[in-house]
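Right after this note come the structures.
Each of the two complexes below includes subunit A, the first together with subunit B, the second together with subunit C.
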Partner chain A sequence: MALITDKTRDEVREIVFDFFAEECEVDKQTIHDGTNIIKDIDGDSLMFLELIEIFKKKYNLDIELKVIGKYAVKHPVTTIGQLIDMQMLIIEHENHLLELER
Partner chain B sequence: MQETPIIFVFPASPNELTDPPGKNIPGFGDHFQTLLNTALKSGLTGLPHNFFTGTFLTQDELLTQFISYIYSCAVSETLRSNNFTPVVSAGYSMGIYAALFDAGSVTFTDGIELIRCAYHSLAPVSRDPGSGMITVIGLSRDDLGYLIKQQKLRCRIINENAPFSFSLSGRSSDLRILADTARNEGALHVRFLGVSLPYHAAFAETGARKFMEETAGIPFVRPANPVISLIDQSLLTDPESMRAETVRNLFTPLNWHHTMLKIHELHPGCRFVECGLPTGLPKNAKFVAGDLRFYSFQDFCGNELMLS
Partner chain C sequence: MVEKVVVTGMGMISSLGFTLESNWKNLVEGRSGVHTISRFDASSLATRIAAEVSPGFEEFSRNYIKKRQAGQMTRVTRMCVTASKMAVEDASIDFDATDRRRCAVIMGVVNTGNSSVEKDTTLQNFVFKNMSNSMAAWISMEYRLNGPSFSVNTACASSAYALALGFDLISQGKCDIVICGGADSIVNPEEISGFNALYALSTSNDLPEQASKPFSRDRDGFVIGEGAGVIILESFSHAVGRDAKIHGEFAGYATTSEGYNIMAPAADGEGMAYTMREAIANAGIEAGEVDYINAHGTSTELNDRYETFAIKKVFGDLACKIPVSSSKSMIGHTIGAAGSIEAIITVMALREGILPPTINYRLPDPDLDLDYIPNIARVTEARVALSNSFGFGGHNATLVFRKHPS
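The block that comes next holds the complex of A and B.
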C-alpha cells in the first residue's frame, strides 16, 4: 500500500495529460477532467493499458492486469478525471484493489 | 545509410483503414501502382482504383488480403530500392506471403496465388458453423486456457503477441462466449478480427493439407535473407523450409512475442519496421520487455530515410 501524497497526484495528472496529448495528437491545453477519452479525443483501451504499464514501471507496482480489469468492469472509466482517480487507487492499493469492493 | 540492423516485419491485414499512408513517400506510389497493374494483369479483380483517397473499408476478406499483400510488396520495393536490406524478415500471420516475396523466395504473382489458395483451401472446412478470430488483452495464457477448458469451447490460443496479449481462433459462437467471460474475468481489451477462418489453429489442418497439394507446383527459391519462423523462431534459409512454413503457418499456433525477443537477442539494438498497412505492431511492441525500437513504415521514412 503506497502512501499517496499531493506530489504523487500531481505527477499522475501530468503523466496522464502528457500521454493523451501525445497519443491522441491533441493540444494538452484542451484536455481536462471532463474530457471523454473515446468520444472527445479518440482514445482506446490499448492506450489505457499502455498507461498502466507506464505507472507499473514508474511506481514499481505489484498488480495483475486482470485485477484492474475486474475493477473496471464495475467502475467503468470514460473521462480523464475518472482515469486519474482509478490510477491513484491502483497505485495506492495495487493487488488489493478489489478489496475496496468488500 | 543503414547504421543498425533492420528487421522487415510484414503485417497481416488491418481491420479497417482510413486514408492509407504512403502516398507522400517518394517512390512508393509508383511501386504500388506498378504492382497493382501486375496484379490486375494476372486476373485479380475488384481492386480499388482510388486506394489512396477516402475511406478504405475491408469488407471483403480475401480482397483485403490481396490489397495488404500488394501494399507490403510496394513497401519492400521502396525500402530495398533505397538500399535498406533486412538482416532478418518476418511475416506476421498472413503477412508471410509478402515476407516470401521480399526475400525473393517467390515471385509477386505466385504470392498472390498462395494467398488465393490458402483462403479457398481453408474456407470449406471453416464456413460451417462459422469461424473467426479474436484478440484478448489482460489475461494470462493459463487464465484463457482455463476458461476454454471449463466451458468446453471450440477455440484455441493461436498467438502470443506480448505478455497478457493473445489471439484466438475457433468457432464464432464459442469465441463470443469466451469474449464475454474473459471480460468478466478482467480482460481489459477484447476485439473481434475481421476474418472468417480459424487461421493458425488445428481446426484448419485439413485445409492446410489441401493447400499443400494445390501449391506444390509453385516454385520456391533460396531467400536473399533469412526469414524467421513465428512458430518455432527458427531461421528459414532454404526453399524447402520456406514452402513447409507456408503450410504449417495455416494450422499451427504462432508466438510473435517470442519471435521479437529472439530477433532482438540475435541483433541487439535492431530496428523493426512494419512493412505494410498499419496494424498496430509498433504499439504492441511497447508491451514487450527490452525497449524494442519498432517503427511504422511512415515513421521510419520520416525519421530515418532520405528518399530520393
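The block that comes next holds the complex of A and C.
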C-alpha cells in the first residue's frame, strides 16, 4: 500500500485536468470536480483506461485492469472528482483495491 | 405505396478537392488528380502513381471531426465522416426535428485503410480503426440516429450497393432519410504490389496525369484513387415536407452477380448487360430514354472492352448516340468509394446539364467505338443517366438517376 501525500494528490489532479483539457479540446479552467465527463465535455469511457495506463507507468503500479473493472462496476465514475478519487485509491491500494469492499 | 427516392445532399472528397464544388469544377475542366505517390516511398514498386487526396485534408477535416474522435479513426474513416457531415449540411437536415428511428446509415466499405502507411495506430485504437462497421457507426453516433446502420462490401461496387440498399429502405417506407456512400484508399505498398502481381494497374509512371486512359487503345490498367462520396437519400414526401432542395431523383437500380470469376468480368460483358437491362426495367424507363452513362471505365483491357460490348447489347443501334464517360480518367479508381462518388458525378451532370469528359482519350481503340465524350466536357439536356459499378468477384450494380424539375 503506497503512501499518499498531498503532493501525489496534486500531481494526479494536474494530470487528469491536463488530460481531459487536451483530449476533449476544452479550456482547462472550465473543468472542475463536478464536471460530468460524458455529458459536459464529450469524453468517453476509453479515457479512463488511458489514464490508468498513464498512472501505471508514472507510479509503477502493480494492478490488473480486471481488478479496477470489478471495483468500477460497484463504484461508477461519472465526474472528474470521482475519477480523481478512484485514481487515488488505485495508486494507494493497487491489486488490493477490492479488499476495500470487505 | 412505393415512395419516390430523391437526393437531397451530397459530399465528396477526392484527389480533385475536398468539397463537392471544387471536385465538380475540376471534373468539368478535365483535370487529372493523378500524381507520383507522396504518402510513402514507392520507388521500388512497379506502379508509383496514384490519385491521392491532398495532405491538406487533415487540416480541413478538423473543421468536422473532434481531435478525440479523429484519433480513433483511420484517415479513410475521417474522409467518410467529413464527407457525411458535408452532405448533411448540404441537405440542411435538422435531426432534432426528424424521427431519428427512421434515419439510417449504409456505407460501402472494402477496408478502413488501416494499412502500413496509416499513422498513429496504437493498441488502444487498433480495433476501432480496423472495424469495417466503424464508418457507419461514427455517423450514426454523430447524429444519434436509431435506424439501421451498417456497412456492405462488394469490392468496387460497395458504395453503389449501399445506395441500392438505401433506395430499398426508403422506397419500401421503412426510412425517411438514409445517409449512403463509402470511402476508400488502397494507396499502400501491399495493395499496390498485390494489384501489380495481377497486372491490373497502370505503370505509366512517367506521365502520371495521362496514365488513366479509359477506352483508349493504349490503356494499360487502372490507377488507384482514394476519397469518399456520401449521398443523402430521402423520400420525396419527406423532402417536400421540409422544403428541402432536391438535387435529383434516384429512379431505380439493379444489383447482380456474374457467378463467374474472382477477377475477370464474364465474356463479352454479358453480366454487365444483364445488370443495365435490369436497372432500366426497375426504374420503369425505356432504354431509349437514357441520355448519359457514367461508365465503370477502369482503363483496363477487359473492363473497357466488355463494358462497351455490354452497352451495345443493351442499347443496340442507339448505343453510339449515348454519351459515355469515365470519371476514373481524372480521379482514378476509388475502389469502395467509386460507386457513390460516381453516382454524385452522375447526379451533378444531370443537375448542371454538363457531362464530364473522359480525359486522356487520344488513341481510339478500333473495337471500342462509342461516344466517350473525349477530353472536353459537354453541355447537354440529359434527363436520365446510368452509373455503372462492377466489382472483383462479379458484384455488379447499375444505378439510374433522373433529373429533377427543381
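Keep this in mind: the second predicted complex is superposed on the first by the 102 of 102 C-alpha atoms of A that agree within 3 Å, B and C clash if a C-alpha of one lies under 4 Å from a C-alpha of the other, contacts with A are read in each partner's own complex, and residues count from 1 in each chain.
Everything that follows uses one rule, which is that a residue touches a chain if its C-beta (ideal position, glycine included) is under 8 Å from a C-beta of that chain, and two chains touch if they have at least 3 such contacts.
As the structure is a prediction and not an experimental result, all values here were calculated from the model.
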Using the superposition on subunit A, decide if subunit B and subunit C clash or fit.
-> clash
Between subunit B (first) and subunit C (second), which, if any, makes contact with A:F48: first, second, both or neither?
-> first
On the superposed three-chain arrangement, identify whether subunit B or subunit C touches more subunit A residues.
-> B
If you stack the two complexes on chain A, which partner ends up touching A:L65: first (subunit B), second (subunit C), both, or neither?
-> first
Of the two partner chains, subunit B (first) and subunit C (second), which one does A:C24 touch, if any: first, second, both, or neither?
-> second
Based on the superposed arrangement, let me know which partner A:R9 touches: subunit B (first), subunit C (second), both, or neither?
-> neither
Applying the touch criterion given at the start, work out whether A:V73 contacts subunit B, subunit C, both or neither, answering first, second, both or neither.
-> first
Of the two partner chains, subunit B (first) and subunit C (second), which one does A:K56 touch, if any: first, second, both, or neither?
-> neither
Please write out, lowest number first, the residues of subunit A touched by both subunit B and subunit C across the two complexes.
-> 46, 49-50, 53
Could you please specify the touching residues of subunit A with respect to subunit C in the complex?
-> 23-25, 42-44, 46, 49-50, 53
In the complex, subunit A touches subunit B at residues 45-46, 48-50, 53, 64-70, 72-73
Note which residues of subunit C are touching subunit A in the complex, please.
-> 66-68, 72, 124
Which of the residues in subunit B come into contact with subunit A in the complex?
-> 137-140, 143, 164, 183-189, 280, 283, 286-287
